[in-house]
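Reviewing the structure listed below.
The first chain written gets the first letter, and so on, giving A, B and C; residue counts start at 1 in each chain.
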């Protein structure tokens, strides 16, 4: 299975990770490609190291870190995210950060899209250590054509 | 074919249902999984029965019912939805509620995600009677690996 | 490979086109279906020719043209789009308009969804000349069931 995580929201990241870890537990080979806003889920907290004033401004607004992802609805300047995080913890659903660690332990391959990293001024040092692969669209397509399930989230 | 409807918007629900009913009319076996905000499309109107003040607050904001889904763009506090509904009716496109009934009549399987229901405090009694199956991610993945077309909407 | 572009945002259109052109360069047969807001990416700039005051109002708000697509995040009334376009140009990433021309040159089939065109009051004369095919959901499903990779963006 392959999943492209394009969106940078907590709820969509959790959907991607929950499918990925469940598939891995069923013995499937899973690759998660993080692209565009989705890269925020695998960024260390804090601004990215990009150059130029526009990339610096983008980096400042576009906060990374799995704990900083907004909700796709009812985010309410972070209040919705805080409430949803609490509800998820109560329901014993793993957070994005925990799910990323779990996924790598289960053998899910985490891949960062090199083109997006270049555009957004995000370097390898800005990403969490669980991400070890850096690839482009051709590499994704090679993998997807061998996979039974391909999703874009 | 399997479709995960994650989004809670009218336009995306219509896209999912229009693909599902067309596929069913072509003789394909179709399963529609409703998860996260997508569950709003199969909720009865009115607040969900969740416990705890946070779930109650979420239930109040996150209105269910196929007639209450916002547009993903130009919703304008409901004015856009109202206009789009009128335009769709003029164009003889079935509404979300009508499409759900049509889909079940055509044999499309409607499945509600049990994890999302738990997190959002939505019980079986909060869902429309057309939904008869309640399953998790493992069950979706089993079905998707046997399907030729798998979409995440 | 088939891709449904449902979303009308620049970043999502670029993701779809970048996957489509890369796949075509690898020798794959690719079809891009533009539906709902996604049709904006293949519209000529300016309002659509729809009839009735509601369609006219929708056409005025829902601006078409590949250069007018907003960002899905940080659009900031167009400032974010302007900045992202500049960053993309600096990074030598082709714009949506350029990618559409490149895609057709590489043999990617661009298809406009006839139902969406009807609903939104968009005629063939409102679309760029690169779009030569006008089809419905059944035609998409026929193609998707023969494809190894099917994405909904």
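Before moving on, here are some points about what is shown:
Just so it is clear, a residue touches a chain if its C-beta (ideal position, glycine included) is under 8 Å from a C-beta of that chain, and two chains touch if they have at least 3 such contacts.
Given the structure is predicted, the values throughout are model-derived calculations rather than measurements.
It takes 120 degrees of rotation, in steps of 5, to superpose the Cα atoms of subunit B onto those of subunit C.
Judged by shared residue numbers over all numbers used at their interface, subunit A and subunit C contact each other through mostly different positions, with under half in common. In whole angstrom, the spacing between the mean C-alpha positions of subunit A and subunit C is 25.
Shared interface positions of subunit B, defined as residues touching 2 or more other chains, are 150-152. Considering their complex, residues 1, 11-12, 15, 18-19, 22-23, 25-26, 28, 72-74, 83-84, 86-88, 90-91, 93, 148-153 of subunit C touch subunit A. Within the complex formed with subunit B, the residues of subunit C that make contact are 4, 6, 8, 35-37, 52, 54-55, 57-58, 61-62, 115, 118-120, 136-138, 140-142, 144-145, 150-152.
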